[in-house]
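In what follows, chain A forms one complex with chain B and a second complex with chain C.
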Partner chain A sequence: MTTLAVPGYLNPQNQINLLELSVEKAIVALVLAFVIVSGEIDLSIASVMGLAAVLLAWLGQRGAPFEVAIVAALLAGALCGLFNGYWVAIVGLPSLAVTLAGLIAYRGVALLLVEDRSIGGFPEWFNRLGQQPLVGPFPLALLILAAFLVIATVLLQFSGFGRYVYVVGSNREVARFSGVRVTRVKLAVFAMSGVVSAFAGVLLAARLGAVRGSTAEGFELDIVTMVLLGGVSIFGGSGSMAGVILSILVILNLRNGLALANATGNTQAGVIGALLILSVLVPNLVAAARSRPRRGRPAAAAAGQSPPVAE
Partner chain B sequence: MRTKQRVPLTVFAALAIVVAACGSTPAASPSQATASPTVAAASPTPAGPAKATPGQAVKMMLLPKFLGILPFAQANKGAQDASTELKNPTAFAFVGPTADNSVQGQIEFMTNASTQGYKVVMISNNAGDQIAPAATAAQAAGVKVVAWDSPIPSAKGENLFVAQVDFDQTGKVMADMALTLMGADGGKFAILSASPDAANQNAWIKALNDALKDPKYAKLQLVDTVYGNDQSEKSYTQAQALVAKYPDLKVIMAPTTVGIAAAAKAMQDGNLCNKVKVSGLGLPSEMVSYTLNGCAPQFALWSFVDLGYLTYYTSYLLATGAIKGVEGEQFVGGRLGTFTITKDPTRSAGLRVLMGGFKIYDKSNVEAEAK
Partner chain C sequence: MTGLFRRVRPEQVRELTLVFILVAVAAFFSTQIPNYLSARTFTDISTGLEVIAVVAVGETLVVLTRNIDLSVGSVVGLVAYFVGTLLANNPGLPAPFAIAIAIVIGGALGAINGAIVAFGRVPAVVATLGTLAIYRVALVELSGAKTVTTDSLPKWLLDLPRVSLFSLGDLDVRALVVLAALVVVVFQLVLQYLPYGRRLFAIGSNPEAARVAGLPIQRDVFVAFLLSGALAGLAGFLFLVRFGNITVVAGQGLELQAVAAVVVGGVNIFGGSGSMVGAFLGAALINLLQQSLLRWPAVSAFLQDALLGVLILLAVASDKVILERLRTRWVRARRRDDERAAAAEQAVPGA
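Coming up: the complex of A and B.
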């Protein structure tokens, strides 16, 4: 149907375009799924992306070899992630508060580094990797996304670490008594989130060819939406990588279809918002409908995985 | 439990496609998507300036920095006038991002342009050189990129830039206004700009700095440059902050219509108009009350309607092949007269079509223009 309404929608180049426009968000969504399945949230992801991109450009501008600058940006991401993880996993503060502080603080550092300026003039090879197709019509970032899809799926669904993440997310106490090192798992998840966000920030810098203090600002909500729409419960312990991947594809195609039809940005945001509400509402209604004929009162235990609508 | 979540997801996928289909407009039918740039035969002899052949279908996009402020609406009106005059059977799309998503949004519009079958994107660039990769890709796919109001700084991915005024002259005009307002004794003044990625703003600020080197302006001291991002509220608080930071500030110079109006309001609300004058680039209709009450005694601007009109004309000529967009070409820009494509003196790699000069407004002429 979209094909009929908007010519060019199914054009392979358009499919590549729509992925490329949001590839950084998609990559971060994959790692955020780990954080949310583990029962936490990381709101600082977009600020870490911005900080990494800015640090890279800032170092590059000061004459640091660009490879070194990239490594420094990734290290900065890891530090941010570990810092979040320290307060959440070791001190035991709520991740919502900790990473909200991170959202503000890391963005603040980025803005301090470059103030209101825009920094460009990256090395030619860096821009080329970010902007030109590498294999056939696919730019490097899309190949990396494809690799990440596989790695993330294997790690979450088919590895011991992935099972720990689920157990920690569904019941922390049970996990601890079963011998899962809860602290270590959570630290690892936050560190991953930091590094991958920083990596996505570097990719974004390469694609845009210039950065500024506000690079990637506001991305966190889009990324959280991708994960939640994919059926990952905000309370942790449930959801699948397949769901997240499908959700990324649905959101990107939907946005692209609306954009090609010249729907405004506000309309697009409204449609995505409505979808998110439905994605929370429908599973709850289905669960409620299923439990009603058998018992007199709602079987909270049976529907335990679905978040209450009021939240 | 995990498997359960997948069922609703397929529902959403289906729903998504339905919604996308419903949200589309019939404007993008395939027949209109193909313009035929086979008109070179109709263009005049190489000697005279190129003239447009009306009635050809060219699908065009007018992409401002963002939607929702008056200058861009005026540019849209000018483009509408030109579209009617040239009898283009394909209506152009006036689309743009929201102000807070300007950079990402402009990149997205530029990336999607070739898929949508646009032959020309007319852009007031707010993304600095971040737009260049998308613009270059659009050009490779056969889309002409004509910048207006604000160019692509590196000129990469840009065919032509329709400049409202000479950017160096903007610096002199602002320096002159500052001098008039501060008098021979001079004093401190500050700039309230739009966003740090706006190439036009940055070029004007640089031109102002260059102009200030003239001994004539020796007593004018530029103390700060701040950014209000073309949002009224932020510009308002930035203006207040400037006054707090520099108690002896005499002038706020805002080369942006949003900034100058917000700064004038901030000074008026704070009863500061006797101390701090506001000047810069403003719209008479928005500035008339501040000019009459002395908060912003003098400001300048050009016609955004004319700018939209000339941009549309230039783009139409370029897309139909009547001009090629190379240095030295001359063409007739409808009611505005004959123009020549030249090198852009402020951007070594860029080509420019220069529209015209400034109009200075004060209490003698602002009321007439505001109507």
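Coming up: the complex of A and C.
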């Protein structure tokens, strides 16, 4: 549709540009897929991105060697992830509540570090990596995304660890009784989520050239949408990396197409919101319509429907 | 000690603890901030509570059924903008009509959520994450990025925040604060005494059992979302009254505060347990901390978000670790009582 409405849309440079603008979100979406398949949710991803970016800039400003600052930012991400994982996997708290607390707290720490200032002045090589093409027309972040696509697909679909993630997500009890170390798998998934989010935050800092306390704020909506639209069930245990990758491309193209057709950023968010609901609603309605012809026993048919509540 | 267990339910332990923490926090800040225990603090905190308390009541209804409503912030913003524009264009509209409009629009938006979740069987997180974005877009499109400004609003609306019903010494009890408190009390009674309220607990604590028992789950969940929307609509009116200036970002992030208040207030995020009074106390604690930290010179005002996150975590963790243990002991104490009573009954005829 957008290819018809906007001339020059399928131009490769345009595709690279639009990927570049959301590459960090796409990277985090890949790791969030692991979390959601394992039956949990991580709402703190965007705050971890922000915290890593801010910590990097803060350390850099204080004269720490920049390589050390990057490592510190990644470590902070890992700590955030392990902290979430500790409360979810070991203490057994609901991940929605834990990572909601994380969303607020990690953002709070970021704000504490920079208050309402904006920190820039990164080293030249760092900015160049973020802002200029590295190989041919591709900037570093896109190459990393490509590498992550491969790694995430292999890890989730073709490795033992990936199988464990599915089993833990579809039935925790069965997983435990069949010898899967549920706690360890969940801890690993949350730690991954933290590190990769921090990494994406560092890439974001390089691309933007300056960060503030609100960097990456609100990204969680887009990232969660990318994963759920890709057919990953919010209840865990099902979904595929291929679906997530397709949905990332669909969302980026949709946003970009809408932008080229002069829709505002908010309208784009609305279209994506509608898409998110419809992607679950339409299959449900189709299934309901299919089961309708058995009109003889309407009560039984109604009773056969699954309850409308989240489990 | 066991006598205490019998009389106080675990949920009430949580509420009493919250009251105790509220008092402790206030006492702490009174030693840190000059003139802290004053009428001004009371007014700041009580008026700051109006919007979030009303939203939290609606959120509690939904969370009790094992669902979540993330669209409330967008509903508050949309309703505040719509009613603000309406009043700016027709200054003659009576106040009750403006409030009714706010509630009806909010209810309609909530009904959309409810229909998608209850009848469309879309998980609530997915559905309301979608409508969060859609309602916000509706606001942007409706407004054309223009804002409602204070000087365009009728005078009665601007005076409303300062109308006080009565005064206790220096403390002015404002009409809107009483309205919010009334909402909390009414819905606490609904939860405790109406069949609808009891059904919400049943649906949230065991959906399968509720279905087998023949409860109208779809209808009840739909109504919970509708009420959550309607209350968010009322909160939208309160938001308009309180701030006057309504931009396209009005109410953004309120959904997080509402969920935080509900969780801190001891409502189980997986449904089935909690109370309106708890949610209200949760909202009060969050508000008290926010307002006090702003005035505390010893630390950066930027500390408040980090602290709020820790508070939520502590609330959830204590619910899991302490309250679950209390609940088991409470059930055991009750059972022992019942056995003793049964034994006493058997003993009486023989004597």
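Keep this in mind: the second predicted complex is superposed on the first by the 284 of 311 C-alpha atoms of A that agree within 3 Å, B and C clash if a C-alpha of one lies under 4 Å from a C-alpha of the other, contacts with A are read in each partner's own complex, and residues count from 1 in each chain.
Keep this in mind: a residue touches a chain if its C-beta (ideal position, glycine included) is under 8 Å from a C-beta of that chain, and two chains touch if they have at least 3 such contacts.
All values derive from a computational prediction rather than experimental measurement.
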Which of chain B and chain C A:267 touches, first, second, both or neither: both
Which of chain B and chain C A:224 touches, first, second, both or neither: second
Contacts of A:247 with chain B and chain C, given as first, second, both or neither: first
Touched partner set for A:109, first chain B, second chain C, both or neither: second
First, second, both or neither for A:21, with chain B first and chain C second: first
Touched partner set for A:234, first chain B, second chain C, both or neither: second
Chain B versus chain C as contact partner of A:209, first or second or both or neither: first
Residues on chain A lying within both footprints (that of chain B and that of chain C): 264, 266-267, 305
Chain A residues within the chain B interface of the complex: 1-2, 4-9, 11, 13-14, 17, 20-21, 116-118, 120, 127, 130-131, 207-210, 212, 218, 229-231, 238-240, 242-243, 246-247, 250, 253-254, 256-267, 271, 275, 278-279, 282-283, 286, 304-305
Partner chain A, residues of chain B touching it in the complex: 1-2, 4-9, 11-13, 15-21, 23-25, 27-30, 33, 67, 93, 95, 97-98, 100-101, 105, 107-109, 111-112, 114-117, 128-130, 132-133, 136-137, 141, 196-197, 227
In the complex, chain C residues that touch chain A: 65-68, 116-127, 129-134, 136-138, 140-141, 203-204, 207-208, 210-211, 217-218, 221, 248, 256, 259-260, 263, 269-271, 300, 302-313, 316-317, 320-321
Partner chain C, residues of chain A touching it in the complex: 41, 87, 91-94, 96-98, 100-109, 111-112, 115, 213, 221, 224-225, 228, 234-235, 264, 266-267, 269-270, 272-274, 276-277, 280-281, 284-285, 303, 305-311
